[in-house]
């Protein structure tokens, strides 16, 4: 197995793990963390596409690699917005949850 | 070269192991610590894929700055002292999700094993962009970012600014214009101050070095800017500096400078060199470096503002 | 000689990886921090060794960036711990 | 490169790797947090330091050599001060 295929399979496993955590964790920040795992797994899969596309004297295909670099920064920006939203949401409800039932329950949350 | 394959397998299993830990850890703190370690390990994987540029970005942004963002958020959430209602998922849901996740991972793995051979590649085009139009950039990644896909890079800077605007706008109405909460609650502590005072100047130098070598060697505006951002955050975390008011004129100018200069140069290229985002032959490299310098400025100011969060009237609660 | 450098790098990565067990076992958060710090330093050493053994350009600069970022997350974690314990400033 | 320098290089790198090994063993086996911190700082300062020392004769030019030394200096600085911070967090946590 070449290093790139190994890295690609690692990426696939990371996507699976992140997917699991994203669905099952009740805590919103943990969901965000799991989401970031999915993101880095996808980047890794993208990275091996870059590694396989070695041509024209390069050891890699620079185009996907450059896109991964911008992708990492954009993923961070998205995480920052998500964090800001989570903080505001929990400040409004005094509750750290995304559970819709907490929001519809009387006295359970929402604006007080 | 019999060591390297073993190293690869060890590295891959470590990455998956630490990722498992971040998902399974009981408390948020442990899982964020795990995530930082995970980012470092991923950086090593990127080195093995011959991508030092990506490795540096992953270590700086993916691991370091994201880790600080999550831990700061955890602190502010913890300050609410109102724990989430326990809603542990039931066993059947766990199994169902596990099967679903395994299916997704399996499908992706199968797709990787069935990738076409020979692989399609845009490397020749990138090579043309690196040497074409008098660019003379030795680093193909920088050539792709600044020449071949320059429009994407500019829009990506705009995304950063939009994200900052988004973060600012979830703050309370009456707090608008004031500064975000400080990154450390209590008074500074001497060793931390010493560390920040020594680290920051050296770090700024290294950040500029990495930006400057980016034209010809791994490095560039993203990595250099991220390091500078990290250094600014170190000074804020040690209370040597406080987050600036969000209506500060210089802050907004600095954040807009990158995409603005990029866009103006692109439009000028449309007039002078014949097409949008074309650089006049001969002086392409100095122009690209000038744009990148402003991009460094924008990244170095935008990332810390994203971590600092929305403006708050009072010092942190 | 290069084989030797790679072997040293492999050894360092392997031991540091075993040290990551501290992340799992804890028992306190501070121990987890230590394991991450060991991973960072060991990673820098391994990167330098690999850089000199394989002549991949730019790996040195990555090591430089890692050295710069090593205390970064640690400071944030320490700030959190201080906040948790109701800091008096000492 | 002379044989003597080569020998020195190999010796320094091996001892450096040994310190990483020792630091890891300490981190895993020592009984309490402060002793573990002690083991960690040894690996940080001496392990990386010796590896850098061993690589110095192999540096291609002064600039790469300088980079190696800067890396070591940075890790020394951050290792020493974060050890202080961690130690303080431990002491306060116990009270």
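For reference, chains read A, B, C and D in written order, and residue numbers begin at 1 within each chain.
Heads up, the rule we're going with is that a contact is a pair of C-beta atoms (placed from the backbone, for glycine too) under 8 Å apart; a residue touches a chain by one contact, two chains touch by 3 or more.
Since the structure is predicted, the reported quantities are computational estimates derived from the model, not experimental observations.
Using mean Cα coordinates as chain centres, the one most removed from chain D is A.
Compared on C-beta pairs in contact, B-D and B-C come out with B-C as the pair having more.
Chain geometry summary: the mean Cα position of chain B and that of chain D are 28 Å apart.
Centre-to-centre, using mean CA coordinates, chain A is 34 Å away from chain D.
We define each chain's centre as the mean of its Cα atoms; on that basis chain B and chain C are separated by 19 Å. The centroid of the Cα atoms in chain C and the matching centroid in chain D are 11 Å apart. Among all residues of chain A, none touch two or more other chains. In chain B, the positions touching at least two other chains are 4, 50, 53, 74, 189, 192, 195, 199, 202, 206.
Of all residues in chain D, those that touch two or more other chains are 70, 74, 78, 81-82, 85, 88. Taken together, the chains touch in the following pairs: A-B, B-C, B-D, C-D. Put simply, chain B touches chain A in their complex at residues 4-5, 8-9, 12, 15-16, 19-20, 22-23, 28, 31-32, 35, 38-39, 42, 45-46, 48-51, 53-54, 57-58, 61-62, 65-66, 69-70, 73-74, 76-77, 80, 82-89, 93-94, 97-98, 100-102, 104-106, 108-109, 112-113, 115, 119-127, 140-141, 143-145, 148-149, 152-153, 156, 159-160, 163, 166-167, 170-171, 220, 222, 226, 299, 303, 306-307, 309-310. Residues 3-21, 23-27, 29-30, 32-34, 36-37, 40, 43-45, 47-70, 72-81, 83-88, 90-91, 94-97, 99, 102 of chain A are the ones touching chain B in the complex. Of all the residues in chain C, the ones that touch chain D in their complex are 1, 4-5, 8, 11-12, 15-16, 18-19, 21-22, 28, 30-31, 33-35, 37-38, 41-42, 44-45, 48-49, 52, 60-61, 63-64, 67-68, 70-71, 74-75, 78, 81-82, 85, 90. Across the interface of their complex, chain C is touched by residues 6, 10, 13-14, 16-17, 20-21, 23-25, 27-28, 33, 36-37, 40, 43-44, 47-48, 51-52, 55, 58, 64, 67-68, 70-71, 74-75, 78-79, 81-82, 85-86, 88-90, 92-93 of chain D.
Those residues of chain C that touch chain B in the complex are listed here as 3, 6-7, 9-10, 13-14, 17, 20, 23-24, 26, 29, 32-33, 35-36, 39-40, 43, 46-47, 50, 56-59, 61-62, 64-66, 68-69, 71-73, 75-80, 82-84, 87-90.
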